[in-house]
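Below, subunit A partners subunit B and then partners subunit C, in two separate complexes.
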Partner chain A sequence: MSHLIPVIKSLNALTGGLFIITAFGVVAARQVRSGLKFFIFQSLCLASSAFLLGIAPFSPHLFAVGTINLVTKVWLLPWLLIRMMPRTTYTRREIKQVVNIPTSLMIALILTVFAYFVSLPWVHAMADNGVARINVPIGLAGMLIGAYTLTTRREAIPQVMGLLTMENSAFFAGVAIAPDLPVIAELSLAFDVLLFAFIVGLVTRSVHENTGGTFVGHLNDLREDPSK
Partner chain B sequence: MILIIMLLLPLITALVSGLFAQKRVNEIITVTGSSVLFVLAVWAAHAVLNAPQHILIALPGWIALGPAGAVILVLISLIALLSSIYSIGYMRYDTNSPRTFHVNFNLFVFALAAIPLSINLGMVWIAVEMTTLFSVLLVGFDNTPSALEAAWKYMVLTMMGAALALFGILLLYWGARHANMGAFTWSGLVTAAPSMPPVLITAAFIMLLVGLGTKIGLVPMHTWLPDAHSQAPTPVCALLSGIETTAVLYVLLRVLAVVHASNSVHASNWLLGFGLLSLGVPAFLLLQVKDYKRMLAFSTVEHMGIILIALGLGGSAANQAAFMQIIGHAVTKSFWFFAAGSVLLVTNTREIASVHGLIKRSPGAGIAMLTGGLAIAGAPPFILFFSEFSILKAGLLQSHYLVMGLTVSFIAVAFFAIMNHVSRMVFGGDPDRSGERLPGSVWLTLVLAIIPVIVLGLYIPDALHRLVELAATIIGG
Partner chain C sequence: MIKSIIFNSLQVIVVMVFSPLAMGVLNRLKENVQSKRGPSIFQPYLDLWKLFSKDEVVSNESTWIFRVTPYVVFVAPIFVTLLIPVLTAYPLFWAFMADMVGAGFILALGGFFSILAAVDTANPYGPMGSSRTRMVGFLAEPVFLIVFFTVSFVADSTIPYIVQQQWVHPMSNFFEPAHILLLIAFLMLILAEKGRLPVDNPSGHFELAMIDESKGLEYSGRAAALMKWGGWMKFFVLMNIFLNVLLTPWGLASTWAWGDVLIAIPLILLKIFGFIIFLVLIESSLAKLRLFRISEFMTAAFAIAVLAMMAGAFA
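Moving on, here comes the complex of A and B:
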C-alpha cells in the first residue's frame, strides 16, 4: 500500500484546506442554519482525514474515529439540534454577536497565521515530514477560531458550534499525531456523548422553558454588580 | 482488586438508588455506599504506604493508585460521606425528585474517584469530563433561571477548557511516541520526558494548564466558578468546591511531574503568574461580594492560587506544603460550605446584608460560620494556617521575596474581607426573628466535619505525614 502514501498525503492536504475554510465559515455564518451546515461539512472533512490516514499505515482506531464522526456529528447531532430546538431558532435572522463579521474574519485570519507560526517549531522538533505538517497547524488554528467564536456569540447553538469546532480541531490534529493511541476513539465518543447528554438532557430545553429562547446572552443575573 | 471495587462501588450505589423512588431508601443507600467507600479508601491509602514502591496496581497501564492519588481519593470519599449525611437534612423540604439527586450524586462521586484511580491519560481526561457531566445536572438541579444560567456557563466554559486540555494530551502522546514510550501512563510519560522535544512539552503544559485551569477555576478562566458553586445545592457545593477543583489540580500536578522530569522546561513562572493572579483578583472581589455562597466560591479560587504558588516555588518543602494546603482546603472548605448551608436553612436568604445576629438566632450556624471563616482565612490554630506558613517559609528560603510579599498581602486582604462579612453576619445587629432549629443530620455533619479542621491543625498523624512526603516526591522539581 506504500505507493498510495503520496496520494493520501495530497488528499489529506486538500481536506485540511477545506477544514480550515469551514472553520472560517462557522465564524462568518450570519444565520444559525448556515453555521450548522458549515459545521456538518467540517465534520465530514475530519472524518475523511481520519479515513485517509487510517488506510496506510492501517489503523483501526482511525477508522473508528472516522465512523464515530460520521454517525454522531454529520448525522445525529445536526438532526438532534434541529429536532430539539424551537423553530424560531432557525428563522432567517442575523445571529447576535459582539464583533461584526468582517472584523471577525480578520481576527480568524490573524489567529490562523499565529497558529501556523506557533506550531511550526513543534513539527520541526519532531522531525515529522508526514501529515502532521498539515494537520497540527490547522488543528491549532481551528482550536483558536473555535474559542473565538464561542466567546463572541451570544446564542446557544452558535456557541455549541464554536465548542464543536474546537473539538473537531483537536481531533484533526489528533488523527495525525496519535493514530495509534488506543483510546482515541473513546475520547472522541466521550466528548460527543457528553454534549448529547447536555443537549438532550436538561440545559438547553430548560433554558428555553425558563427564558423563552435559546439566547444565552441575556443570562446575566449572576455577576458582581455593585448596583444590585 | 480493592481499587476496582472502589471504582465500581459508587456506580453500583447509583444504579441501586435509581431503582427506588422513596427519599428515605435513597438516603440510606447513598450514606451506606459513601461510608464503605471512605473505609476502603483509608484502607487503600494504608496499603499504598506498605506496598512495594508505594503503588497499588489493579490493571497495569489503566488502574493504579500511588501516594498522591491516595491522598486525593481519601479526601473525595471523606467529603462524599459528609455531604451524603448533610443532604438528608438539607434536602428535607426539597420538592425535586430525590431519585435524580441521589443517582447524580453517586455518579458524580464515581467520576471523581475515577480521576486518581486512572493512570492512562486518556481515561483521566474522560473522568474529568464525566465530573462535568454529572455535576452540571446537579448545578442546575433547582431548575431556576439563575441555576440554569450557572449550569450553561459551567458547561460551555469547562468544555472549552476540556478541548484545549485534549489537544495538550494529544501533543504529549505525540512526543512520547517519538521517545518510544511503553504505555501512555503517568509513569511512562515521566520516563519518556527527557527524550521528548522541550518545545512540545512546553506547548502541552501551557495547554493543559489553561485547559485544566478552566476547571480548577484559575483567573481569568474562573468566571463560571462563583456561579456554579453558589447555585448548586449545598451538599454538592461542598463536593464541587472542596474536592472537584483539587481533583483536577491533581491531574495538573501529575503533568507538572512530567515537565519537571524533562529537565529543560521551566514551568515555575507560569505557575507563579497564574497563582498570583488567582490569589489576588478574588481577594479584592471578596471585599465587595454580596452573596455569602459566592464569597465561599471566590475563596476557593483564592486557595487554588495559593496552591499554584506553592507548586511554582518547587522543591520538596514547597511541594509538601502544597499537599497540606490541598488537604487543608478540602476539609475546611467543605466544612465552611456546610456551615453556609445551615445559615441558608435558618435565614432562607443568600444575601450577606440581610443576615444579622446569627449568634442569637441560631448559635450552631453562627459558631460554625465563624469557625469556618477563621479557618479558611488562615487563622491559627487551624490547618490552613500551618500550610500557608510552610509555603511562606519555603518561599523565603528560596529568596522569592516579591512573590511572597504579594502572597502575604493578598492573603491579608482576603482575611480582612472574609472576616468583615462573617462578623457582620454573625454578630452585627439583632436577628429579625428567633431561629429555626437545624435538622439533626446537619448538626451531625457540622460536628464530624470540624474534627479534621481542628485536629490536623494541632497534630498530623504519622501515616498521613509519610503519605504527604511520598506524594510530594512524585511532583519532583
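Moving on, here comes the complex of A and C:
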C-alpha cells in the first residue's frame, strides 16, 4: 500500500491538471455543446480526485463525495440541462463573447498564475499532507476562471457552466482541505446544484418563449434595438 | 570512442533511410481510412528516385539563397539527429554539442532558409506561404520556449539524454501533470510546425490555401528531392524527440553491444508506427482550421504549456 502512495499522489496531481484544462475549455468553447462536454469531463476529474484521495489517506466520506458527484454532475445535471433547454441552443454554431477567445485564454492564464501565488502562503500554513498544495491553487484558479466566464459570456448555458465551474472548483479544493466533511452537507449541496440547474432551466425556457432566444445579454437593454 | 562515433552515424543512417518509409505508411493509412487503396508505402522512395534522375530548372531571377536552401534543409535534421537519442539511452559522441534549445535552433535555421528561398523566386504563391508559415511560427515560438522552461524546471537540464531518464525514474513521475500537459502542448506544436491537420492540410493541392507546401513549389529535380527528403527527416526527428525524449523512453539500447543497438531499430520503428496510427486518427477526424483560428489553436497550446510549467515549478 505504501509504495502506491506516490503514484496516487501524482495521479491526483494529473486529475488536477486536467481539471484546470477543462476550466480553460469552458472559457474557450465556441459551441454550447462542447462547453457542456468540458463541464462533464471536469466533474469526472473532480470525482476521480475525490476517489483517489479517498484511497490514499483512507476516508470513506470522500468515496461518498465522489459517488454523489458522479451521479449528480456527470449524469443528472447535463441530462437536465439538455432536456430543459430549447433545441436551438445546441444547434447554433457559435456563441458570442464579449472578449475574444485568445484574449480570454490569456486572462484565464493570468488568473491561474495569480491563484498559485496567492494560495502559496495558505498551503504552507496548512498541515500539509502533500495534496493540499495541488488541489488548493487549482481550486482557487478554477473559481476565478468560473467567475470570469460568468462575466464575459452572454448566453444562458455558458453562464451556468461558469457558475458550476466555480462550484466544482470549490469542491476540488475542499476534498483536500476537509476530507471528513459529513455526507449530509455533501448531499444537500449536490441537491442545491440540481435545484439551481432546474430553476435556471425553467427561467431560460420562459425567456426563450418570450424573446425567441437564450441570449441573455440582450436582457440588459431596456428596449429592443431599433436598428433591427 | 570509435564505437560511439559509429553508433552516432548509425542513427543518422536510420533517420535517412526510414523517414520516407514513415511518410509512406502515413499516407497509405490516411487513404485507407478514406476507403481508398492508396499508394504503396514505398512510394516516397520511388518519388526520390524519380526526382534525383530528373533535370533541374533554376530561375534566372533567383539568387544564391535559392540554390543553397535545399542543402541547408537537408542537413539541418541530420545535425539534430546527432544530438538526440534515436537508438541508445546513453549519450553518444556528439550528444553534448547542444541541448534541446540548440536542436530547435538548427531546425528553425532550415525553416528560415526555406522561407527566404520561397520569397527569392518571383512566384506569387511562395511569399504568401512564407508569410503564413511565419505567422504560425511566431505563434509557436512562445510555446516552444515555455516547453523548454518546463523541461528545465522538472529535469534540471535540457540535454535530451538527461531529460529522457527523468520521466520514468521513479515510475510515478510519468503521471506528473507537468509531464502529461507538456506532451499535449508538444503534440500541438508538432502538428503546427510540420503543417499537419488541423493547422494545414498536407495533401491539399490548392495553392491559395497552402501554408507549408507552397514553399517548395519552385524546386525541381535534385533540389526538390532534397527539400522533400529534408522535410520528411524533420518530421521523423520531431517524432523521435516526442517519443524517445518525452513520451516513451523505453526500447532504447542500454548497453554498448551491437545486438542491443540493432534490435533497437525495429523497436523504434514500432513506436513510430503506433504514433503514426494516432496521427492518422487525428488527421481523419479533424477539419482544417480557418487561418485566423490558428491563433486560437496556438493560444490553447500556450495555455497548456504554461499550466505544465506551473505544475512543474510549484509541485
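In this text, the second predicted complex is superposed on the first by the 195 of 228 C-alpha atoms of A that agree within 3 Å, B and C clash if a C-alpha of one lies under 4 Å from a C-alpha of the other, contacts with A are read in each partner's own complex, and residues count from 1 in each chain.
To be clear about the criterion, contacts are C-beta pairs under 8 Å (C-beta built on N, C-alpha and C of every residue); 3 or more make two chains touch, one makes a residue touch a chain.
What you see is a predicted model; the values in this text were computed from it and never measured.
Colleague: Which of the two partners, first being subunit B and second being subunit C, lies in contact with A:I20: first, second, both, or neither?
Modeller: Touch partner of A:I20: subunit C, not subunit B.
Colleague: Contact-wise, after the overlay, does A:A190 reach subunit B, subunit C, both or neither (first, second, both, neither)?
Modeller: Once the two structures are laid over each other on A, A:A190 reaches subunit B alone.
Colleague: Looking at A:P121 after the superposition, I want to know if it touches subunit B, subunit C, both of them or none. Which is it: first, second, both, neither?
Modeller: first
Colleague: Of the two partners subunit B and subunit C, which one touches more residues belonging to subunit A?
Modeller: B
Colleague: Touching A:T112 in the superposition: subunit B (first), subunit C (second), both, neither?
Modeller: Once the two structures are laid over each other on A, A:T112 reaches subunit C alone.
Colleague: Determine, under the contact definition given at the top, whether A:I82 touches first (subunit B), second (subunit C), both, or neither.
Modeller: After superposition on chain A, A:I82 lies in contact with neither partner.
Colleague: With touch defined as at the start, can you tell me which subunit B residues reach subunit A in the complex?
Modeller: Listed in rising order, the residues are 120, 122-123, 125-126, 129-130, 132-133, 136-137, 140, 143-146, 148-153, 155-156, 159-160, 162-164, 166-167, 170-171, 173-175, 177-178, 184, 197-200, 203, 226-227, 230-231, 285, 288-290, 294.
Colleague: Spell out the residues on subunit C that touch subunit A in their complex, using ranges where they run on.
Modeller: 170-178, 180-181, 295-296, 299-300, 302-304, 306-308, 310-311, 314-315
Colleague: Which residues of subunit A touch subunit B in the complex?
Modeller: Residues 118-119, 121-122, 125-126, 132, 139-140, 143, 146-147, 150, 156, 159, 163, 166-167, 169-170, 173-174, 177-178, 180-184, 186-187, 190-191, 194-195, 197-198, 201-203, 206-207, 210-211, 216, 219-222, 224, 226, 228 of subunit A touch subunit B in their complex.
Colleague: Provide the residue numbers of subunit A that touch subunit C in the complex, in ascending order.
Modeller: 6-7, 9-11, 13-14, 16-18, 20-21, 24, 28, 101-102, 105-106, 108-109, 112-113, 116, 120, 133-134, 137
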